[in-house]
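Below are two complexes that have chain A in common, paired first with chain B and then with chain C.
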Partner chain A sequence: MSVMANNVAHRIRDDFPILGKPMNGHRLAFLDSAASAQKPQVVIDAERECYESYYANIHRGVYSLSQQSTQAYEAVRGVVKRFINAPDEREIVFVRGATEAINLVAQSFVRPKLGPGDEVLITGMEHHANIVPWQMVTEATGAKLVVVPVNDDGTLDVAAYRERLNERTRFVSFVHVSNTLGTVNPAEEMIALAKAKSIPVLLDGAQSAPHMPVDIQALGADFYCFSGHKTYGPSGVGVLWGRLELLEAMPPYQGGGDMIRTVSFEKTEYAEPPQRFEAGTPNIAGVIGMGAGLEYLEGVGMAAVAAHEQTLLSYATEQLKALPGLKIIGTAPQKTGVISFVMEDAHPHDIGTILDMDGVAVRTGHHCTQPLMARFGVPATARASFGVYTVGDDIDALVSGLKRVRKMFA
Partner chain B sequence: MSNLRDLYQEVILDHNKNPRNYGVLEPHTHAADGHNPLCGDQLHVQLNLSQAGTIEAIQFTGDGCAISKASASIMTDSLQGLTIAEAQELMAQFQTLVTDMSKEPDPKLGKLAVLAGVREYPMRVKCATLPWHTFHAAIQGDVEVSTE
Partner chain C sequence: MDLQRIADTFEMLDDWEDRYSLLIDLGRKLPEFPDAARTEDNRVEGCTSNVWLLTHVTDDQPPRIEFQADSDAFIVKGLVAILLEAYSGKTAQEILDMDIESLFNELGLAQQLTPNRRDGFVAMVKRMRAEAQATQSHPTA
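Moving on to the complex of A and B:
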């Protein structure tokens, strides 16, 4: 372990109240940040402060509280713009999370363009959130869902991707970083290949936004999304970023209050983006909390976050590889801090329960990527994933827990 | 929180490693596939019912965690020779065993009682009950059952 990285993370741990709480009588080793991250005090305080000091519905009242709430909510667009280097605040749409963002694009942008014989291209390592919405729109329109295969090491078969991009491809949607394998896809190259054929692209950033610097202008995508709960903010909020000219041409996703300019029974005029896509009262305090989470990450620095998680990844990979009977699934050269594994004789669910008793929290199951599990011929894996607060002690607790598992099942 | 030993008792670890009545039963009168989508567990139960409604033979195959495998192993052991009515009564008692903390295990459960520890782990109850749901589906004439 690099001593410096470890020191910074140890200081960071103090910002997260939950990490100080014992779990089943042990120090908590939280290794499931890929599913959802823990919250720093600043996020908890931002949400509480909103409710305690200035909460009211937004965009509606002329009174001070409403204006203050509106300002705090709208200010988060600026934070997101900076965080992903978006050109324009109007391109930041607040949604419930990555899932809703993908559904929004599928229904409002892609579905009207699809007809029989058209194709939507995704990859074999997608989260169900980036599979099912595309099945829904392709089934409804007679279009076809085409899938790019995954190589044995967990990288994407980019040659196959190239081949499957063709004149019938209407849209490409793929994961920036796999939540199950940790694979970082060559997004810039893949997007450039699609754009060369004028095919629009959505990049699912649920696992990239929390773990690496993201510059969406450099990436070149048309849509990008992530979930606030994985970037150390509250659950139930997230971001869809889309190019302004595309958002402007899109019909609303849902109808209601806040997304209109004028309503009469004869005709309703829709508001401009982003309001057009934010029907109804949103999760106001949640958005404000999400902003605090992103600012927290900015404070640590995304380059430092990525470097820290790389140090942990090498350390943990080395330690786990040394355990007999353990096999890591996903060994791409470019990975984030995610390690999926299986063990001889011990089922992932048994591993998860036994580790829990040592205070070690890992995710077990299919990680909402059942087709990927089928690809690797396993029903489930155990997965350890890291965050800003992960330290060498967490990995050591995992390794000693796994040794115990092995003893029990040997 | 109970001790982990209550869940992974020696008996359970042994049934997991050396499951009883494991293998295909051909021919059979009843069969069903059980599936737990949460863990990807997959279980097949095959049995022979006599004209009089007695379980003459019951076997299982499949892939799952230690709890579901041990549960299937002990279940098939316990069901041999029972009538359908007796089997259903045992199933109800087992369900109570793994879900109801307030009750002492029914003595009729015999060695099935080793699975009582599961009730402390709500996420794992389905692992223990999957074999029973699959058995139930088989005698009902269903071919497939899912715990979801």
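Moving on to the complex of A and C:
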């Protein structure tokens, strides 16, 4: 294990109160950060402080509390802008999570552009959140959803992607990093191919934002989104980033308060982005907590986070490969800290149940990627995924738990 | 193993690993489930792993309901085995009268079931009870 893995990560672990609590009488080895990350004390404090010291509805009152909470809420746009290197704060829309971001783009930006014969292009490794919204808009408009196949090692068939980009393609939406396989897609190259044909692109960053430096200007996408709960912030908040000129041209997604300029029964004028897309009272404390999570990550440094998780990935891959009867699903050369696997003798649910008794938390199931499960011919997998607080001891607990699984089921 | 023996054996085991091993064993001893019956109709909705359930109503008076079931997860298969031991071959009334939750509590298994797993378990119980209910209201079915 690297120095980072042994020293810094152990210190980082102490920032997360939940990791100090035992599970089933064992030290908690939390290996399900890809589903949702645990929260550092600073995030918990930020949200609590908002409620304790300066909470009020935003963009409403002239009284000090409302001003203070508005400032704290709006300041998070600046944090997000820096975090993903966005050109302009007005491009940062707060949403409930990546799922809502994709639905927003599907309904407001893409749906009005679709007609019979048009195509929306996604990949075979998408999360249901990047499949179902597109099925909804293509079915409603008579357009077609086209899917780029996945290779046996879990990489994307980029040649097939290139072929499927055609004059009927109206939009491309794909995952930056697969939540099930850990595959890092060649986003820059793929986006450039689409942009060369003037096709707009949404990049689903739910699994990239928490694990690697993201520069959306370098990536070149038109939309990018991620969820706060995966970037060590609260659940129920997330970010949609979109190019300002596109956001400005888009109709609102939902109507309500705080998204209008003037309302009369004859006509309503909508506010400019991002307010146009933030109808109603948002998750104020949640957004502030999300900002604290992103600043926490900045403090560690995203390059350091990525390097740390790569070290763990190599260590864990090596350890798991040595276990007889275990097969890793997803062996792309470029991966984040995600290892999906199946075992000969036990069903993933059996694996998860036994590991739980040892204090090891892994995800089992289809990971909201049923088409991908079908592609690899497995009903489900067990998945260990890492975060900034994962240490070698967590991997060792996983490996010894898996040895027990083998002993019990073989 | 009948229910009483299962309960007695579980009571003797205080180590979770031994309890799970017994559960896995019970699952392994489940009679072979016909491959042809692994259909979507026979799949129990709500289970995190796949569970299939096949129902046969006998000509007895009152009719008895015989269940066959299977799962691709061994621990779930063990739970299925206990459920079959409790329910299979009973009349609809006997099935509907049985307090299965208490039975699992007595077995010391209720607390071993994680919430997700419990959902599947509850779905299985629901399906078996629904089959009993259907037999009662349509005795010729």
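One rule holds in what follows: the second predicted complex is superposed on the first by the 408 of 410 C-alpha atoms of A that agree within 3 Å, B and C clash if a C-alpha of one lies under 4 Å from a C-alpha of the other, contacts with A are read in each partner's own complex, and residues count from 1 in each chain.
As a working rule, contacts are C-beta pairs under 8 Å (C-beta built on N, C-alpha and C of every residue); 3 or more make two chains touch, one makes a residue touch a chain.
Worth saying up front: this structure is predicted, and the values here are computed from it rather than measured.
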{"item": "Combined model on chain A: chain C and chain B, fit or clash", "value": "clash"}
{"item": "Partner chain in contact with A:Asp45 - chain B first, chain C second, else both or neither", "value": "neither"}
{"item": "Which of chain B and chain C A:His347 touches, first, second, both or neither", "value": "both"}
{"item": "Touching partner for A:Met408 - first (chain B), second (chain C), both, neither", "value": "both"}
{"item": "Partner chain in contact with A:Met373 - chain B first, chain C second, else both or neither", "value": "first"}
{"item": "First, second, both or neither for A:Glu74, with chain B first and chain C second", "value": "neither"}
{"item": "Overlapping contact positions on chain A, where the chain C interface meets the chain B interface", "value": "346-350, 353-354, 357, 364-365, 379-380, 408-409"}
{"item": "Of chain A, residues touching chain B in the complex", "value": "24, 345-350, 353-354, 357, 364-366, 373, 378-380, 408-409"}
{"item": "Chain B to chain A touching residues, read off their complex", "value": "1, 4, 7-8, 13, 16-17, 38-42, 63-67, 121, 123-124, 127"}
{"item": "For the chain C and chain A complex, residues of the former touching the latter", "value": "16-17, 20-21, 24, 48-50, 71-76, 114, 117"}
{"item": "Contact set on chain A toward chain C in their complex", "value": "346-350, 353-354, 356-357, 364-365, 379-380, 404, 408-409"}
